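What follows is one structure encoded as structure tokens, with my remarks underneath.
Naming follows writing order (A, B, C and D), and every chain is counted from residue 1.
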Amino acid sequence: MILLLAYCAVLLSFVSGLLALLMNQRHALLALCQTCFKKFPGSRNQCRAFVFGNLDEQRFPVFLRQAVFVILGLSGLFAVLAGLSVLVSKDVITDQIGLGLPWLPWHVRFDGLSGFFFLIIGIAVGAVSLYGPGYVSGYQESRHPFAVLGLFTGLFVAGMLLVLLADDAFMFMIAWELMSVASYFLVAFQHENAANRRAAFLYLLMAEVGALAIILGFGVLASFADGFTFDALRESHLSATWASIAFGLALLGFGMKAGIVPVHVWLPEAHPVAPSHISALMSGVMLKVALYGLIRFSFDLLADIQWQWGVVLLILGTVSALGGILYAMVQANLKRLLAYSSVENIGIIFMVLGLAMIFMDNGHPQLAALGFLAALFHAFNHALFKNLLFLGAGILHHQTHELNIDMMGGLIKKMPQTSLLFLIGCMSISSLPLFNGFVSEWLAFQTALQADVLDNGVLRSLIPVAAAALALTAALAAACFVKVFGLIFLGQSRSQHSEKAREVADKTMLAGPMLLAALCFLIGIFPGLVINLINSVSEQLLGQTMPNDSALGWLWLAPVSAQQASYSPALVLIGALIAGCVSFWYLRRDPVLKTMRRAAPWDCGFGGLTPRMQYSSNAFSMPIRRIFAKVWLIDERIDKDMQGAMDQDVAAVHYHIDIQDHSWPLLYQPIGHGINTLAKQVGRIQTGNIRTYLGYSFVTLVLMLWVIS
Amino acid sequence: MNIELQDIYTQAILSMAALVGLTSFLMLGQSRLLRLIFVFAFQGLLLTMTTMVAAYSTDNQHLYISAVLTLALKVVFIPWMLRREVLKMNLHRDIQALSNQTTLMLGGASLMVFSYYVLHPIVQTTSPVMLNALAVSLSVVLLGMLLMISHRQAIAHVVGFMSIENGLFFAAIVATNGMPMVVELGVAFDVLVAAVLFGIFFFHIRTSIDSLDVDLLNRLHEVDEQGARHDKNRSAVINPHTADYEVNR
Amino acid sequence: MIAAYLVLVIPFLGIILFALSGHKTDTGRINIRLNAVTLLATLWLAVNVLDAGTLLSANKAILVDSFNVYLIVLTAFVGLTTSIFSSPYMAHEKELGKLTDQRLKLYYSMYQGFMLAMYLVLTTNNMGVMWVAMEGATLATVLLVSLYRTPESIEAAWKYFILCGVGIAQALFGTILLYYAAAQLGDIGDDALLWSVLYQQAANLNPEILKIAFVFLLIGYGTKIGLVPLHNWLPDAHSEGPTPMSAILSGLLLNDALYAVVRNKMLVDGATHSPIAGHLMMGFGLLSFLVGALFLHRQKDIKRLFSYSSIEHMGLMTFAFGIGGPMATFAALLHMTVHSLTKSAIFVTVGHAAQVAGTQNMSKIRGLIKTQPRIGWGLLIGTIAIAGFPPFGVFTSEFLVLLATMHSYPWLTLPLLLGIGIAFAGLFRHIQPMVYGDKPEGQMPVKANLLPVMIHLGLVLWLGLAIPGFLANWFSQATLLISGSTPL
Amino acid sequence: MNGLIAAIQTLLFVALAPLLAGWLKVCKCRLQNRKAPPLLQPYRDLIKLTHKQPVVAGQASWIFTKAPYIIFSATMLAASVVPLFAVDLPTSASADVIVMVGFFAFARFFLALAGLDIGTAFGGMGSSREMTISSLAEPAMLMAVFTLAMTASTTNLSIAITHVLNEGLVLRPSFLFALFALILVAVAETGRIPIDNPATHLELTMIHEAMILEYSGRHLALIEWASQLKLMIYGVLIANIFLPWGIAENFSVEALGYGLLAILAKLAVLAVLLALSETLVAKMRLFRVQEYLSFAYLLGLLGMLSHIILEASR
């Protein structure tokens, strides 16, 4: 039954994709319906009117778009239901589908871990499908056919869901690559821009390399097992070295998809160019699927965790978290910034997962469960708020046709609802108390603080350092999102577009973000809801749950014991409400003082503020750029146009800044260069002269004969 | 192995083998096309004689047929065709300078030794005669290839190609008393068609490059002449920040 | 058995028919029909084999077992779809004034000639005849390569002719050695070249001779497979000939050459009991794979690009056969099928793409999706499939090859992995700009029949998702035959 | 009973914060040979501001007008979890020290947004600098706090202080480092010299003042009050974590009274020290701040490491 729900989710997403293909087949449909009605003349007139009304030339595209997204939304709903029911029932359901290799049908397994990620996907897909119809209506059908977008969106979602269901390496890889390829087409959807094509190429290339690494990881396991099913792979007892090799390969593969530094570079290229609801799915959900893969691979298949892996994850996670947020800080393109911020959040998740591994191998399964919980919880939260922010960015793009935050400003008055939703997203991602992001970071800190129980001195001193890096990350994230919100919504409009922007007319477009924002807040106040679900995951996977001290009641979060740490967001909310209301009412008790006087702000006597006087994105991040100057490759130039006698007067000043990632010159350019050089060298063997070719043949023959005798 | 202990048939075959090997050497060192073709025809004749001897000694009917085929194709038709081409193209006066003839001959000689070396392991299971015959035919094959590598005229290539066929044929006759009939016929047919095709190609090549020098056929290659242009673009492959990776744009 | 003869007779009649009657406008359609009839005959043959198992004709001249039966059907199928493509394509070429009636006559009769050679290679039980047919295939196609009579095409044809001729001559030497080895057993007589006999006697053959024979056979047929460094003719011939011919060369000829090598390898393995033949194949395969992948990066001509991709894939198959375990063999058999289907589909779209842009120069082909969406998408999806992305069948076989390598030779996975990555990048850096982007000036849609492409890619997709039972059965029986055990 | 004490503590915090600010000003003036304003001057300022009609920039949005309430509430919540004169605080359980840092972040978030809301150059400048400095200060602060948390193996402030208290006088090198780190952070976070100077409005150097330049009336009062409260919270943290003696451990009247007196005395002394340092030290350039803060971070790290290596080694 539960599995049926899951299958429904997958099938519906397929169906939505296929339905989108009908976009260009209106005439065929029309003909089909006419013959149908001729055959069954008894059909009701209303039904007929409905069908033909929707097949009307004007109406049809709108109708089809809505239908596609409704079905996609249903798929999301089924995914949520399936996920919840498997989490609540704590079942493990297995099945086989008659596809795949002759001796290896697709094995399906639906357990708590899959269920939890089903839940994440379901929520995100649900929100996206509420938002979708309004957003895609902005595309011109002739330039950007909906059939392509809808088809690959459906396939993308189906691929992600299938990855979670897979119980053998072969099906896993098929689903995994389906997800990659479908999202590649989505990234390349608006392929007129060279930037999009580049990004798509880079994305697919890295997806391919990552997938190969994963296959090899499975290969290592499979060469010690008989078969590719996960059951068989679980039984392959590897030596420590081989297990580490397998883990390293899996980490490379899944890390590439998840966007771990230094293999994160596709992320900031691909996310900005994809349609926003796709970026939301990619960033919010697909990265989580990569996380799922890593968890499945290491905690489930390898099972015998080694603490060294944890250290690797911890270090990589820390670097990614810090690197991600620092790079995000200096971006002016909103979606690029969000993409880098995804790198940061994935870094945090990996960091905590690393902690869990360290505790696991050092004989503290309870603490491992805590770290595991923090990681999964943060994954869940990140899916919520990153989705929210990407959808918000989509709305902004839809309304202002801009993604450069230096071109926005003052939108809070023009788009009050969007701004509120976006603010909630910013607050969640900055991990401010009362919102969900804070809870998972709090749990992460709590995990790190348990380092004292470890015997290894190096680990004990390493973990607090990582925790401090986490603190720095969180603070920088707050700075970054102050910049984002402040520059986009506050101040004065910086461009014509944002001056003319209006709130979205189609309110369903706001429904998706609204759902996510509500969840952000709800989970922030009642984290127990999700934590209970994750506990059933870790019970299945690790055999341990977080020792939540129930003595304090369900409103409380006491991960280790009430003595050590506790947090009750609900009580904090009550306190905040009391404090806020009291001060508010007390200070405004005098009706005369209630009114505020509006006046022009102080302009230093220069006669009016102009939007250009405001701090820009680069100006805002300038102190941080100065402080962490080594982190980026910065090319900063100030050109002055001189005029007048002796060219002494400055007519205009041009400021250029170009910020690059270190990983390009250090990692990717040498590889690209190397391959091109190699190809050039290899090209030399093909001289064009037939005598040389005969010579090759001759030498090969002689050499082979010599070898053989 | 003592040659005087072998029967007359074997002695004859061995002599033929030696002669065939010798003709291959002669061809390798030959720089005049007409002589080359003549030596090739002579090799074909030797082959025919070998076939006859084999046919006679084993009383194998179908070897006679193949002897006739060889005679017709390799001694008459192909040399005639090649000779006609040479005369038509006025190539018979050209002396193609073989840059290092001595090295070439030494190389050929070492190839012969090499053939013996390669085939040596089979001597345990077979007679030394066979070893000789096979080694000679292998060296004829290899020498034919060497001929093609060292000569630039398309005509010489055809001769080399056909002499490789001769080597194979020799092996087939001596070692196994010929192949099954159907195969022999098939091979002969292939050789015939190949010869015709060569004729067609001489015509095409001549009309296209006005020469039969195969070194001039070098338009299709992968060597980079304009290295600089690629250098400029090479780091652009996957770097989205520099220029456009679509190199050819 | 009649079916087997039919398969050979129909193309033979086709040659004669086309050679005698001059070119007419409906020759293309007749060609399609002939191929369709042949396909039916092969299907009949396949049903026979499915019912009765291995077929051996009374005079032992024809052998159809589970290894070649699917290749025969595949040959007929690709032959048919390519002829469907070639009919409007060649008509268009004629309209452009590139071809005359005389040459079209040559084209169609040689098309059938090539098909005949292919069927003969596959069905014959006689290793000598196999060689003859293989050489015949070269002879049939060499004039097709130079069909356009441009200096480049003549150069390509000459190289094709000479290199393949010399190469295949070495295979004949190998065959003679094989015959010699068999003849030593005595009392076999003319049957000594029959594969069925040789296979039974394999254990008694002289291993030393067979080793040497295998070197010659591998180098000989390897030239036709396009193994580096014997591959040099391949990109030239593919890029200069008419596109349908590139499709059948890549899709069929290379496969059949590999088939010949594997047949011989089975004998050699039976005699030597050492993995030496496998190791040689692995070495050549890996080298071809890597070099082919690297060459992809430097191409300017679209057909050259895909011919290097063929080299790369043939390298992978050779490598997989070389590994020799049941999983690798199964993978290689599957890869032969899916590669042939995918590559011929790609060549079909490539041909149309080149017609759309009026050039084979990739830097001039742009914005195909905007110009003619079906061609653009066909090319893109075909490339995705050939690059080994699931759910297409190429992925399945590459997956299995990788895992088999991991199992037997873990360290070789590294170059393999590298090769796949490099090849993918090499393909996509060229394909993407061609299919995407805005439509350039003056690029007009052409009349194209993309049904073959859809059918091929659909089949490849199907094979990627699930391998139908009868095919799986053949594959596993062939695997049993080749490697001695089945993966099932 | 506990809840009542917690409420009283919080109210006392709020009530006493201006007094601390006044005392600080008095000390500073004395040290600088100036005539000091009355001790209660901050209260008078606050009262005066609350009775004025606020003037708000024309383009201000709701963020600008609501931010002061949010900032004040958040700071007050932070104050409510810090034991002032008695431990065993129930609010400490519902929000531990990490949450307290979170409250500060919350307040700062809105303060920075408010700075950006009007769209003046000053507001942006202030916000940018504030966020930069705080993002450097926060990890340093957490390092210091973690040293305590790991020693007491809890992040609950109340329990941690009890732990230190019960342990008696133990000289821990880690605490020494942590104390210094926390002092440095406190100076930075509360905008004192050498990081910022609350007394000036010098355009190029101001940070905190730049953000609140447009505030007036009750809004300004709330923000000023909140920053005084923040200063006091840091003072109490330093005093009660590192020198907890005197704090009430039970709720008898005399214990509470002693506790109150003790904390007042400690704060008074701390204020004198702060005034002294402000008098002696010159303000730093903005881009030397990171050196200062990374020094603080280093101290925190050293504290942590010395805890792990010297004190908890096994």
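The definition used in the following text is that a residue touches a chain if its C-beta (ideal position, glycine included) is under 8 Å from a C-beta of that chain, and two chains touch if they have at least 3 such contacts.
What you see is a predicted model; the values in this text were computed from it and never measured.
**Q** When contacts are scored as defined above, which chain pair ends up with more C-beta pairs, A-D or A-C?
**A** More contacting C-beta pairs are found at A-D.
**Q** Computing the C-alpha centre of each chain, which chain sits at the greatest distance from chain C?
**A** The chain farthest from chain C, judged by C-alpha centres, is D.
**Q** Quick check on this structure: which chain has its C-alpha centroid closest to the centroid of all protein C-alpha atoms?
**A** It is chain A that sits nearest the middle.
**Q** How big is the gap, in whole Å, between where the Cα atoms of chain A centre and where those of chain D centre?
**A** 36
**Q** Averaging only over C-alpha atoms, locate the centres of chain A and chain C and give their separation in whole Å.
**A** Inter-chain centre distance comes to 43 Å.
**Q** Using Cα averages as centroids, what's the distance between chain C and chain D in whole Å?
**A** So the centroids are 78 Å from each other.
**Q** Just how far, in Å, is the C-alpha centre of chain B from the one of chain A?
**A** 65
**Q** Would you pick out the residues of chain B that each touch at least 2 other chains?
**A** In chain B, the residues touching two or more other chains are 118, 121, 145, 148, 157, 214, 217-220, 222, 224, 237-238, 245-246.
**Q** Could you list which residues of chain A touch at least two other chains?
**A** Within chain A, residues 194, 197, 201, 205, 675-676, 680, 683, 685-686, 690, 694, 697, 701, 705, 708-709 contact more than one other chain.
**Q** At least two partner chains per residue is the criterion; list those residues in chain C.
**A** In chain C, residues 158-159, 162, 166, 170, 212, 235, 295, 298, 425, 429, 432-433 touch at least two other chains, as defined above.
**Q** If you go through all the chains, which pairs of them touch?
**A** Result of the pairwise touch check is A-B, A-C, A-D, B-C.
**Q** What residues of chain A sit close enough to touch chain D in their complex?
**A** Touching chain D from chain A are residues 409-410, 412-413, 427, 430-434, 438, 442, 445-446, 449, 451-452, 455, 457, 460-461, 464-465, 467-469, 471-472, 474-476, 478-479, 482-483, 485-487, 489-492, 552, 556, 562-568, 571-572, 575-576, 579-580, 583-584, 587-588, 590, 592-593, 595-603, 609, 611, 613-615, 619-624, 626-627.
**Q** So in the complex, which bits of chain A are touching chain B?
**A** 194-195, 197-199, 201-202, 205, 269, 658, 660, 664, 668-669, 671-673, 675-677, 680, 683-691, 694-695, 697-698, 701-702, 705-706, 708-709
**Q** Across the complex, what residues on chain A touch chain C?
**A** The contact residues of chain A facing chain C are 98-103, 169-170, 173-174, 177-178, 180-181, 188, 191-192, 194, 197, 200-201, 204-205, 208-209, 212-213, 215-216, 218-220, 222-223, 228, 675-676, 678-680, 682-683, 685-686, 690, 693-694, 696-697, 700-701, 704-705, 707-709.
**Q** State the interface residues of chain C toward chain B in the complex, per the touch definition above.
**A** 126, 128-129, 131-133, 135-136, 139, 142-143, 146, 149-152, 154-159, 161-162, 165-166, 169-170, 172-173, 176-177, 179-180, 183-184, 190, 192-193, 206, 208-209, 212, 235-236, 239-240, 295, 298, 300, 362-363, 425, 429, 432-433
**Q** Per the contact definition, I'd like the list of chain D residues that touch chain A in the complex.
**A** 50-63, 65, 69-70, 72-74, 76-77, 80, 91, 93-96, 98-99, 102-103, 105-106, 108-109, 112-113, 115-121, 123-125, 127-129, 131-132, 134-143, 146, 149-150, 153-156, 159, 213-214, 217-218, 221-222, 286-287, 290, 297, 300-301, 304-305, 308-309, 312-314
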